[in-house]
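Following this line, the structures themselves.
Next come two complexes built around chain A: one with chain B, the other with chain C.
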Partner chain A sequence: MTDISKSKYKNYKADRSKYPKMENGKAVIDLDSHKFTKIWQGPQHPGVTGNMSVELIINGDEIMKAKTHVGYLHRGFEKLLERRSYIQGFTIVCRICVPEPDTNEYCYSAAVEELAGIEIPEKAQWLRTLNLEMSRIGSFLMWIGGQASALGLGAIGQWTIGMRDFWLDLFEEMTGGRVYHMYMIPGGVRKNLPAGFKEKTRDLILKTRKLLYNVEETFFNNAIVKSRLKGLGIITPEIVDEYGIVGPNARASGKEYDVRMNNPYLKYGELDIKMLTSTVGDAYARAELRYQEMHQSLDLISQILGKIPETGEIQTKLPNVLHWKIPAGQTYMKAESTRGEHGFYMVSDGTKYPRRVFLRGASYTHAISVLEKLAVNISISDLAALMVSLHTCPPEIER
Partner chain B sequence: MKKIINRIKEKIEIVSLKQRDDLYFINVKEEHIIFLLSYLKEQEGFTHLAFLQAVDYDKYNMFQLTYMLYNYDIKVNFGIKVIIDREKSEMTSIHKLWAHAWQYQRELHELFGINFPGSPRVDESFVLEGWEEIPPMRRDFDTKEYSEKTFYQRPGRSTNDPKEYMKEKLYKNFVEPPKIRREDD
Partner chain C sequence: MNLKDILSPFSVWKRAVKKPWTIKEPINDRPGAENYRGFHKNDFDKCIGCGSCEEICQNNAIDLVPVEGQETKDGDSGLRPKIDYGRCCWCALCVDVCPTGSLTMSNEYTWVTDDPEEYRFIPGADETKWQEEKKGYKRSEDIQLINYDRAEMLEFEPKDRDKSFIEIIKGYNKEQAMAEADRCLECGICTATCPAHMDIPAYIAAIRDDDIENAFRILYETNPLPEICGRICTHNCETACALQNQGEPLAIRWLKRYIADQISPERYKEVLGTEHLADPILNKKVAIIGAGPAGLSAAYYLAILGYKIKIFEALPDAGGMTRYGIPEYRLPYDKIEEDIDYIKALGVEIQFNTKIGKDVSLDELHNDYDAVFAGTGLHLGRSTKIPGVDNKRVYFATDLLREVSLGNEIDVAETIIVIGGGNVAMDITRTLARLQNQKYGKVQIITTSLESEDIMPADREEVVGAREEKAIINPGWGPKEIEIKNGKIKGLHVVKCTSVFDNEGRFNPKFDQNQKKFFAGEMVVESIGQGMDLSYLSEDIKSSLKLGPRGRVQVNENFQSDLKWLFVGGDIIQGPDVIHGIANGHVAAKAIDDYISKNM
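Take a look at the complex of A and B:
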């Protein structure tokens, strides 16, 4: 294997003696000087996470300025929810995010329950916890495929997306839907576990662990991956609060913030779960942290399967949902998605329809402020890897 | 958390409300917001701005802005609510306190028409390019009227009564899907 540390390009730095001219540490960009090129990466580009685009000003292959543009995916969920009754709303919210719809369902349902003063049964809470952890695994498997593909390791993407399909099969058995589950209805969950579900899940956990071992061998021990991801997009602890960075991106910089442990919801308080952090803060540390969190999620699923009560109610009886008026009030329910703090801010004015529902997604800052900051002075070939390592998801930005 | 609210009460006039053990709301006046946010950020450890959003109360001619903060040490979310005038719809910018606050202010400027003078890139378009109507997240924006005005029906298309149509098309030849045996069966 090539030893990157001996490569003559290891400490390569661009020659800045001629251009661009620097003023106060910032490059003076003059497009008329013919030394800069303005190009768009996205929205139809394999190196972009979802439907967004980055407007780049480059000098050679070095990015001088980046600007995120969104709006290609705006479906107006928040406006739609204003004209839907509470029970109609729950079928919409899962459609906000494809890789991880369940966090939306949970936050929406929990917000409605809190405003209406409903307690959900014990078994429903366990089933919700199981569903949320399974969706985290699905999302992480999709992410690691993207991260590997961004570095040209397409095969890993094929493996993990294939494995994700087996998890989607389990979702189909559990909820009836592969991608959009509509499982967590206000008041509980829709269905009980199918017969033999626990055994199948345990089997799949073993298979996933085996796959993850292969991923570790081919991805994390790969010299190319190490040389390209180490030192890329470093998030320092100082900018974590400044930019509102959450989730694995913040934890890889040493910030101990995980909603599951800081403000335990559902049954997370009863599970054996440990905060995983790193102090390096670069793309490789973030990847490693997410890899560890995948193993953590598999552990949690095993724990949950052992603790789900065999019998019990799965739904609280709701009033007539077609004429369901919820008392006036406001609340903010949050949960930990794979990207970080994910929450619903719901305002009710005492009528049949919500006054305002707002979704706070972690990518809102990661994909705009943070990406625009971190993309400066990196090579254009690393931009895709940087975007995936921030785990950006455009649907959260333009709800 | 009670102590923090008492300390704020000594300084300015507020109305507080406990929603949950880890979620509190307070109402403050518009002119105190910058003082309060900097005080909470610098002195009380509320360093994380989770979001800034608006709620439109068109009947009362006001917007409610909510600044949601979080404290990592005491693990509490703190929502600060400010009422502003809907006609004037202008608010002090907080982009100097948090580096990502300008994003929320740009969004509110585009979707609610609330102006934040001095906020960077506040006039740039966020999701709507070339929008000429009233800001779409305002409650008086009529989505149906807008879509009828902007889009047109494809020629030769007929409309059906949804109830009758579903009965006719879907339930007549409806086949039961194979049943999965559940634990409670």
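Take a look at the complex of A and C:
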């Protein structure tokens, strides 16, 4: 991995000698001067992750100003949860994020269990850990497809999305659903592993690794990718804390923060796992870091498969869920999604329904404040690549 | 930039010669996983239309609807779930919560039709191509969304109870009652099945909310004898309870008892808000014959309507068969008193030791009162009429139970044979076992019935309890002859009973004369059913009434006889059990009110 001090992009500064006029270090933007164009990227645009749009003011092909607009995907999950019993809520939360629904399921169920004072059985904890790691690999496979496609490398996107479908096959066998798994029910998980599941998973790990090496050859060892991603959207260590950046975006800038290690939940404390970081902080470094995390996830899945107990309960006995009241209280439960710290803040007032459920998704920061900052002065043709490199997921912004 | 970065991406062409991952016909080549949450199936043989699926569905995608060919019956609402696939999210909570396990899913992926209406369908009724599919999502045995195990009820151990008439069941404490109340699915199938249609889900919900006063008020809406019913009700509700399909039914009876036990008798009026009811507001009088459950129930509901009520009771205490037919270890007398004292406190007068037809005639009642309700119960025994029953040491169970309740001493033999397999037979068995224990220090009692063990009408817990108290229950034998030597009973000859009912369900016992047995004993008790004493109906009155099968007075749905002023209910019409009596009394009270109002 390269060192940021060696990066030739480290001191990149746009050439402002000709245009536009600078005042106090900021470009003076006057739309009536006809020197600027205001265009919208999204909400329908292949380079946008999910339905959101970025309002751009460009000068030539250089972005002068970017403003994120959301509201195209609002389904009101937090409000819906206030009108659903605790058991009903668990079927909704997975819908917050299509590529990675399980982190939502886990955080929701964990919050309910925390408030209700339930401890889930050992085996259920292992199965949840497996499920979460599988969902991370599924999400990363989708991300790398987007990252490659944003640079015009469509074939790689097709490979990885195809591979993701094999993981979805496994999810289907494990949980009964391909996309919305609804597996981590409050109290445990819904099903034991089906027969032959471990062998199938091990085979798929090998297959995925093989594909990842192909991706390495075609994507990471690629002159075009390097020239476009290196130096793009540099997140400096200073703004990591300032903006509350988490996940691979923060780790690629040297921040050692991963919920799985800093606050181990489920069985992560019993796994051999190492913090992966980089110090470059540009889009390429983030991509490389995610690539390494994919291999790490595959490794974790192998470890978990070896450690899941053969027997044991998978669910703690719940009270009758039809009128399950949970003692008043509040809690915040978090987990590491592929985008960073993902958490549910839940308040119970002692009735059948949660008083408030709040979702903290990493994308809120990444897709609004961080993107708006990083998009300035880059070429409009790189904006899609930048957005994908931040791995934003709009449903986390508008819950 | 190095050369490798320029050449390496061309490895993309390697994959051009590889077999693609995609398959042409995914549906045929790759069926859904074993466990896939596909389209719904419903097994109508198991489904009871409890609506738990409707209740848990977070999308309101499920409606319970009537279906052709499905009848409403005890334990089955007759309704079936209709699922709207415009709303369904395939979460399968309906499958997980289904207390019968009837609702499952196939592993079917696709369903194509040009009629959108078809996507709102009734699984099991509407023809689907996956109805017979074995694979698909089912509730895992490893998880439970509802609790199928009963909260434990504490009772006295056999050694602590078999010598006295101490109440066996100790009753729930608050924690146990809350845990048990939590199991309720609130489907209401119990309410439909209960003869009195008690609002069971509502009072159980009140227990969960720890609002016992409200629960108590709900009880009294349909049942003025909660202490009695909470102990010895035949609990048709529990037999119908949705939970009993995959687990233990809710202990509805014990929960009712828990409510009644929490309110002390002196607080009844305050809780039920009946302080002002002491004086009848109507100048109308109703006579009630028999202070049993039916009479007391009618008296209560008429009293709160403002009628002046007088009950005529032949025996020295109120309660009817609940006092004189049910042993104290099941229903302590002070608990009967609590219910009855409250009814008396509403201004109901009870005249004891007065037999209608002997001390007062029915005609006199007709002249003095605006209406008469008769709930005289089944106090007579029925005989097997086998040779030897005329011996003086052959008794009817009802007579002996009455004697015990009256406090009279019974000449208990050292060895006893009881004939009968119902709850009364168990009552007399366990009563005599206690008396034997007191007198001889050991139990030597054999109870035999026509019905074999699996079809014995007695409650299972009664049979188990009797055996725990060292009585021998030996079912499946038909009594043939009581052997008597020198006027003394030696025992009972029986033959094997091979079947009790014929194919049409009629009583028609078949015997195998080759399998014989002899039970030794000095005393025989017959407990094969009870009869009614309608001697208070004079010939004159009888001629104006219609009598049905077994001499029952024919009444309409309001328990009104052909003589408009005479209402008849309780065991002599329906049952026999306490809850039918209570229900009859309630319905008759409303009808009496209606009748008197119309004639004012």
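Methods note: the second predicted complex is superposed on the first by the 381 of 399 C-alpha atoms of A that agree within 3 Å, B and C clash if a C-alpha of one lies under 4 Å from a C-alpha of the other, contacts with A are read in each partner's own complex, and residues count from 1 in each chain.
Note that in this section a contact is a pair of C-beta atoms (placed from the backbone, for glycine too) under 8 Å apart; a residue touches a chain by one contact, two chains touch by 3 or more.
Everything numeric in this text was worked out from a predicted model, so none of it was measured.
On the superposed chain A, the two partners chain B and chain C do not both fit; they clash. In the superposition on chain A, A:R75 makes contact with neither chain B nor chain C.
Once chain A of one complex is fitted onto chain A of the other, the partner contacts of A:Y257 are limited to chain B, with no touch recorded for chain C. Once the two complexes are overlaid on the shared chain, A:Q330 sits against chain B while remaining clear of chain C.
When the two complexes are overlaid on their common chain A, residue A:K210 makes contact with neither chain B nor chain C. After overlaying the two complexes on the shared chain, residue contacts for A:I87 are found with chain C alone; chain B is out of touch. In the superposition on chain A, contact is made by A:G162 with chain C only, not with chain B. Contacts of A:P194 after superposition on the shared chain: both chain B and chain C are touched.
Look at A:N221: by the touch rule set out above, it reaches chain C but stays clear of chain B.
Shared-chain residue A:K307: touches no atom of chain B or chain C.
The superposed model built on chain A shows that, among 115-123, 151-159 or 583-591, the segment of chain C colliding with chain B is 115-123. Residue overlap on chain A between its contacts with chain B in one complex and with chain C in the other: 173, 191-192, 194. Those residues of chain A lying in contact with chain C across their complex are 84-85, 87-89, 91-92, 95, 155-156, 159, 162, 165-166, 169, 172-177, 180, 182, 185, 187-188, 190-192, 194, 214, 217-219, 221-224, 226-227, 313-315, 317-323.
Interface residues of chain A, counted against chain B in their complex, comprise 70-71, 74, 76, 78-79, 82-83, 114, 173, 191-195, 239, 241-244, 246, 255-257, 262-263, 310-311, 329-332, 334, 341, 343, 345, 347, 349, 355-356, 358, 360, 364-365, 368-370, 398.
Listed in rising order, the residues of chain B touching chain A in the complex are 19-20, 22-23, 25, 47-51, 53, 55-57, 64, 66, 68, 72, 75, 77, 79, 98-100, 102-103, 125-129, 136-137, 139, 143, 180-184.
Within the complex formed with chain A, the chain C residues making contact are 1, 4-6, 8-9, 11-12, 14-15, 21-22, 32-37, 52, 55-56, 58, 89-93, 96-97, 137, 140, 142-147, 182-186, 205, 208.
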